[in-house]
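You will see subunit A twice below: alongside subunit B first, and alongside subunit C after that.
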Partner chain A sequence: MPTPTYDLLASTVLGSNTATVNFTNLGTVAAGYRDLVLVCMARSSGTSSGNEALLLDFNSTGAFDATSSAWDTSSTSSQTSSGSSKIENYIRTSQSSNTTPSFLIFHIFDFAQTNKHKTVLRRYDSSTYSWWGVFRWNQTSAITSINLDVEGTSTDIVAGSTFYLYGIVS
Partner chain B sequence: MPMTLVGSVTVGAGGASSLEFSNIPATGTDLVVLGSIRCSSWGVNLTLELNGSASNFSSKGLLYNGTTINAYGSPSNWVGVANGTNRATNVFSNIRIDIANYATTQNKGIQASNAYADFQTTSYPSFHNLVWSNSATINSIKLVPEDKTWLEGTILSVYTIS
Partner chain C sequence: MSFILLGILNSQVTAAAGGPAYDLIETTTATSGGSITFSNVNNLTDYKHLQIRYVARGTEANTGGTIGIRLNGVTASDYSSHSIIGSPSTSGSADFTTYFFANDTIPLGSSTTSAFGVGIIEFTDFLSTSKHKVIRAWLGNQALGGTRNFYLTGMLTNTTAAISSINLFIVGTSGNYATGTRFSLYGIKG
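So, the complex of A and B:
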């Protein structure tokens, strides 16, 4: 039997509204893997707008350079940024009784290498736009935690949202 | 095994009018469809049917045609473009479709990536993000090449990820 190379390392399925989701101790949980893939289906409890930022960081430190592109059903746009401490992802909210979550995939390359900055490919959809982006985390230290939280102080990630972390063997 | 093959089909010399996978087990978390594809015509829009239906989809598609990037909202179940008999027989397009939480009662998120190999040195990439507004578990997947047929050498495989 071939050696499995795409393994589920950890998962979180929210049983109640929660402000943050964290994957920690990755040096142990993901030992022996080269890349990480984080697959999320998430929605915010907010109701004041159609989308809300779900923020992602590594090790609660460092900064990201980013290039991303967005499109809706008729137009496209692109943007770059530098120095942000988190990756912003605008997910669907609960406005107008919406129950559809946003679908996000992050591919994190060489997460445990200590001789390079880390790169991320990300793709997701919101209620208004689809997005893809590339990111550089400006730290050579290994990624030991992945942290997600919604931007609003009075909103949460709703129950039923799912987060699956997979490891890819080199 | 985290990534499990549900089924795979290779189109033979006679071609095939449709490619559909049924009786998909509800034991996984996500579905992944991978394909190397070619049709009886070129520039064929590929659409997705789930559980035998082309309804309840919404989408945002992005296509780069070698000169400009354009965004589209229809067809609402559009997932890519295939090339065909206008090009050499060894030129195929490829496609990947990810469907999250396919066995839950939530509406389903879908991401499709496609490279339409048209000219000898050019491949047009497209990205599609879709929502299937249906709470049913997905038990069948069909990839439809408009009113065209799939040609010999086309391979389509469906996997569950758990």
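So, the complex of A and C:
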């Protein structure tokens, strides 16, 4: 019997500039689901040129290994990282009153399975670039929280940014 | 021409009367063999498109494995695909004219313990008999101890036959899918 799925589990729409966005208690919130999909539209309050890192981690622990490729108007590039405590995802800043957000999507597979590390397909796009890639969280623990914060200590995620968490059964 | 418009619920807006459009059809957890097949998908007439989400690893004593996709049991050169490939050191591209395959997108037995490759594969207008089929795939492997790749692929079948079966296999291996591997099939209404 087919099972309707791809359900909205939680959402955050920022009413004011905020330092961090957290999805917690996923063992309860996402009970019965197999994959999670996090969809974000975000911008930082920083005024530096270009982009700023929106950092993501699971359970505030563990290490990540990542491979990504980027395309902009003139070139492509590849990037890899290993052993990072957080994953960097670049979002547009508020330089020169820029109001254009960045789009980010994370497909988190088997988030609660304890017999494997967690592998994630991610993509983030803005008006000037597109990044695609894959990363792995090197823990077999179930993911119980997803945490996002902007790298700069004096910058926030701006009001109006949105974060939607979906669950998919298997 | 078909476009998939998947309305995803917005918590600020009352759900529209369209109803559920994305259904889990079945999940296969591979317990033996290096090949799985979703059969008789041509009977899924309530759906316009299909999607497979998978988490996979192989058992062969090697590092990077290659996922192959074969439709309706066809092994001839009835396919063409183009891929953008990302790896730690470079971005590249590739073309294939036989069944689609994506190199080093699943880890095998000698790669990082507990690491699995993942993928999302979409089959648009899979029942149509008036057009060639377009398959889109986003696959990735981030296990260490070998090449780690992600693929963005578009594949075209050189036949207008409806898709009746989908076979996903580890190319050129004598090993099996490892415990913890699963392939889930979803139907999308349209």
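Note that the second predicted complex is superposed on the first by the 164 of 170 C-alpha atoms of A that agree within 3 Å, B and C clash if a C-alpha of one lies under 4 Å from a C-alpha of the other, contacts with A are read in each partner's own complex, and residues count from 1 in each chain.
Convention: a residue touches a chain if its C-beta (ideal position, glycine included) is under 8 Å from a C-beta of that chain, and two chains touch if they have at least 3 such contacts.
Just so it is clear, the structure is predicted and the values come from calculations on it, not from any experiment.
Aligning the two structures on subunit A places subunit B and subunit C in clashing positions.
In the superposed model, A:T119 lies in contact with subunit C only, and not with subunit B. Legend: residue contacts after superposition of the two complexes on their common chain; A:V39 is shown touching both subunit B and subunit C. Between subunit B and subunit C, the partner in contact with more residues of subunit A is C. Of the two partner chains placed around the shared chain by superposition, subunit C is the only one that A:S68 touches, whereas subunit B remains out of contact. By the document's definition of touching, both partners, subunit B and subunit C, reach A:Y166.
Touch criterion met: A:T76 reaches subunit B and subunit C at once. Touch criterion not met for A:N22: it reaches neither subunit B nor subunit C. By the touch criterion defined above, A:S85 lies against neither subunit B nor subunit C after alignment on the C-alpha atoms of chain A. In the superposition on chain A, A:S60 contacts neither subunit B nor subunit C. Once the two complexes are overlaid on the shared chain, A:S49 sits clear of subunit B and of subunit C alike.
After superposition on chain A, the stretch of subunit C whose C-alpha atoms clash with subunit B is 153-161, while the remaining options among 27-35, 45-53, 63-71 or 153-161 stay clear. According to the touch criterion, the shared surface of subunit A, contacted by subunit B in one complex and subunit C in the other, consists of residues 4, 6-8, 39, 69, 71, 76, 132, 164, 166. Taken together, the subunit A residues at the contact with subunit B in this complex read 4, 6-8, 39, 41, 69, 71-76, 99-103, 105, 123-125, 129-130, 132, 160, 162, 164, 166. The residues of subunit A lying in touch with subunit C in their complex are 2-8, 11, 13, 34-35, 39, 65-69, 71, 76-78, 80, 82, 107, 109-110, 113, 115-117, 119-121, 132-136, 138, 140, 164, 166, 168-170. Residue ranges of subunit B in contact with subunit A, taken from their complex: 1-3, 29-30, 59-62, 69-74, 98, 100-101, 106-107, 109-111, 127-129, 131, 133, 161-162.
Those residues of subunit C whose C-beta lies close enough to touch subunit A in the complex are 6, 8-12, 20, 22-25, 27, 46, 53, 55, 57, 84, 86-91, 112, 114-120, 138, 140-144, 148-150, 152, 179-180, 182, 184, 186-187.
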